[in-house]
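Heads up, the next two complexes both have chain A, just with different partners, chain B and then chain C.
Coming up: the complex of A and B.
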């Protein structure tokens, strides 16, 4: 499947303005970000040292903030843990994902 | 000696604002004259916002900034000139604005905005304008505007990039819904034209809000990319769990 990624503000200098990305079906926002972060510099902008999404990075999937989609942990039979929402939001063919940091100067 | 006309505007005012009264009418111009706008910051954004609100005939401006004019400010903070280096930015701004339009009541306060003094600083003003250079101060303004239920006009810049939106408490996403966490503290590069333009958009929003005309940037984040000459608009929504405006926050 293909998704369109749009970067805004200072992320444009590092990632370009727009990209079309080919992904396996069932891929999540995290999979997409892993694919986009193909250099140390790019990775540092999106993830912190422990591999968590930088808290200030804003991601919209088809115009909706993924941060507002609740992240849930589901325990199945006491061991299997499944996540949904947030960075674990699944993508579908044709989705448009916007990624940007707030700019802070005045 | 100015003669009162229609109870609201003087003869000189009718002439000064002639080209916009054609759009707003005298009644609209009267609304601008009654408006009281609080501008947080007299830097790149603040200079642009304050200049256009002054020439538009906003009745009262209160500008708060605790900085001193420095040489490295002059590429973008256009109310401060070479001869102002070493002066308080608030006083430098006031001097120029009064010369642009002596009818506007410009009040300046040299203080650093914090959560302890913000409610007193905003007082009974109708609107809060974000012309700050950091998110910590922006969150303080956001909360004050929410408490007072008055609109908050957000703008921010970095290099050739800018973002702007209009926050109406109870109706739109607040700044914390949009950006729950601040970006890292940096000294971003800024080309003067960027805060010039973003400040003009903020001033446009303030004029429209005051007059009740047009469509505000409500739940819309306008993204300006000056380097590529592109404007985009991203949809915003309230976060029901927002720590500043979510359900259960008083």
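Coming up: the complex of A and C.
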């Protein structure tokens, strides 16, 4: 399957602006990041020494923050809201993943 | 005696020519902090809320905060407070630059402008010497030329604020420009000055503003600056890319209003964003007084039709309002349109959103072709520029109406629902359908649709200091109230709202305020002061005739689901959030503060 990855702000200098990545089906955000972090510099920017995602890295899957997508599923006033699992979020063909450093303003 | 303040306010009556100096009221300094809070207290006490905003009885207060002139980070902010010309609600526009601290060095915390001059005048403040001067030679010129002219006539190093042609022609969306490029933009505060035949202020001061405890102030300031240095937002990305870094952030979430909010996502929005600005037009960063962040952009257009034009900006709000909100992707045209807004003294957000409204009215056939001076379709960069020009000069039928802002324009053509505004103030660059909290904030903001009265985007998007799911409306009443009260404290302190990305909580502001003023308010007491200020402003609006009906959003944002992009299908569930918000605020079902609430805050109806 193919997913589109977009980088913004300072991450553009490190990864380029946009990439299309070929992944095995069933791959997660972590698999994608492992593939993208193919140099020490890139890896250091995204993961800490013990391999955890740096807390400042913001990742969106199709516009939803994966950090808010913890592994829960709740029903709120008749509406299903699915939180699908942080860095273990599974990807599907055609997904768009956006990766940002911490930014604010405006 | 309370410190941090210069100690006196300057009252200038333009009708009688009388100039008075008044001592700062220490009790008010404790209850309303300063800046926005203190100035709003004066407006509420002195201005009849039912008065016509453009009548001589309205007043304008230029207010600094107690941290201004100290070395507290980004502490050069000034508020312009009045009854707004566009909204009829209480208005307070926050602006950066250098004039505020200079005013304090001259010995004044606030300047109160009242009455109406017979002929155009400006005010020249040099320490204790105050002169009301003839401004006829500079009246109606470009803001940058007015600034230079005022400096030539006074002191080459004077700090200057002024209105341009938009204020002179009483455009309802006129702002006041500080240091030529920083705008006290919203609600038509420049219009009110224009109605008083008042061009602006030049100020030069030589005194020092003393803190209560210089040692403790130094320490609190050092700690705050360290927090800003540690934050990747305030140290790295905001200085490097400016506020327009938010374009992709918001667009990727599907919350970036496009073509008068007919959509909320555009695949190519990035061509108008901070990364492109840094790459294509940026010359250097520009910091306001005592600011370690420097989000200001000095820019020059390097190619195309507008090549060679230079100025400052665009910023996030204007690259959106004059950009994708009008369907325009041409960064050079957007930048030039932004320069024009600065030169005319037009609020860039209101200008862009009003033009977007006119474009939709035109495309739907509500503006008759014979009235339109040229085709006004979405998407044209040159069309955008021409529309800013006829708006600034009030040229022709449409140009004259554009200068009135989107609500009056859309109402004139029979479709007020197409004005993307609340309390007649045009909305900023965050679609409330994709970020529910900001919708509640737009609807309940005392000055109309404004993002910086309660910037819930911090939590809903930026994750500073924590993340709240943007698409859930539960809990947004609490978040909105908290951010509104907190912001009232920051605005009243004289510090910039952007410091919140590093300082995050009230603690750092409390430490600085206590050390600077010597007032023993606790952090909780400061948050209570924020709540008091918010309720005070609300009372003014209620007395001005605003009601629960005005706490709303354009029908499009409440009923029309976003048609495409990552937030497809979403609307803003304001009706679910508003009752909860009223309850939390201690307001009744009509949105009126209850007796108990007023008593607790020490306010009277």
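Just so it is clear, the second predicted complex is superposed on the first by the 88 of 106 C-alpha atoms of A that agree within 3 Å, B and C clash if a C-alpha of one lies under 4 Å from a C-alpha of the other, contacts with A are read in each partner's own complex, and residues count from 1 in each chain.
The rule is short, and it goes like this: a contact is a pair of C-beta atoms (placed from the backbone, for glycine too) under 8 Å apart; a residue touches a chain by one contact, two chains touch by 3 or more.
Just so you know, these numbers come straight off a predicted model, no measurement behind them.
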* **First (chain B), second (chain C), both or neither touched by A:64** => both
* Identify the partner contact of A:100: answer first if only chain B is touched, second if only chain C is, both if each is, neither if none is. => both
* Asked: Which parts of chain A are touched by chain B and by chain C alike?
  -> 6, 8-10, 12, 17, 56, 58, 60, 63-65, 67-68, 98, 100-106
* Write out the stretch or stretches of chain C touching chain A in their complex. => 231-234, 236-238, 240-246, 248-249, 252-254, 274-275, 295, 315-317, 429, 451, 457-458, 462-464, 467-472, 474, 498, 501, 565-567
* **Residues of chain A that touch chain B when the two form their complex** => 6, 8-10, 12, 17, 55-56, 58, 60, 63-65, 67-68, 98, 100-106
* Structure fact -> Note: in the complex, chain A contacts chain C through residues 6, 8-10, 12, 17, 56, 58, 60, 62-65, 67-68, 76, 81, 96, 98, 100-106
* Which of the residues in chain B come into contact with chain A in the complex? -> 41, 43-46, 130-135, 155-159, 161-163, 178-186, 188, 190, 195, 223, 225, 227-228, 230, 232, 234-237, 239
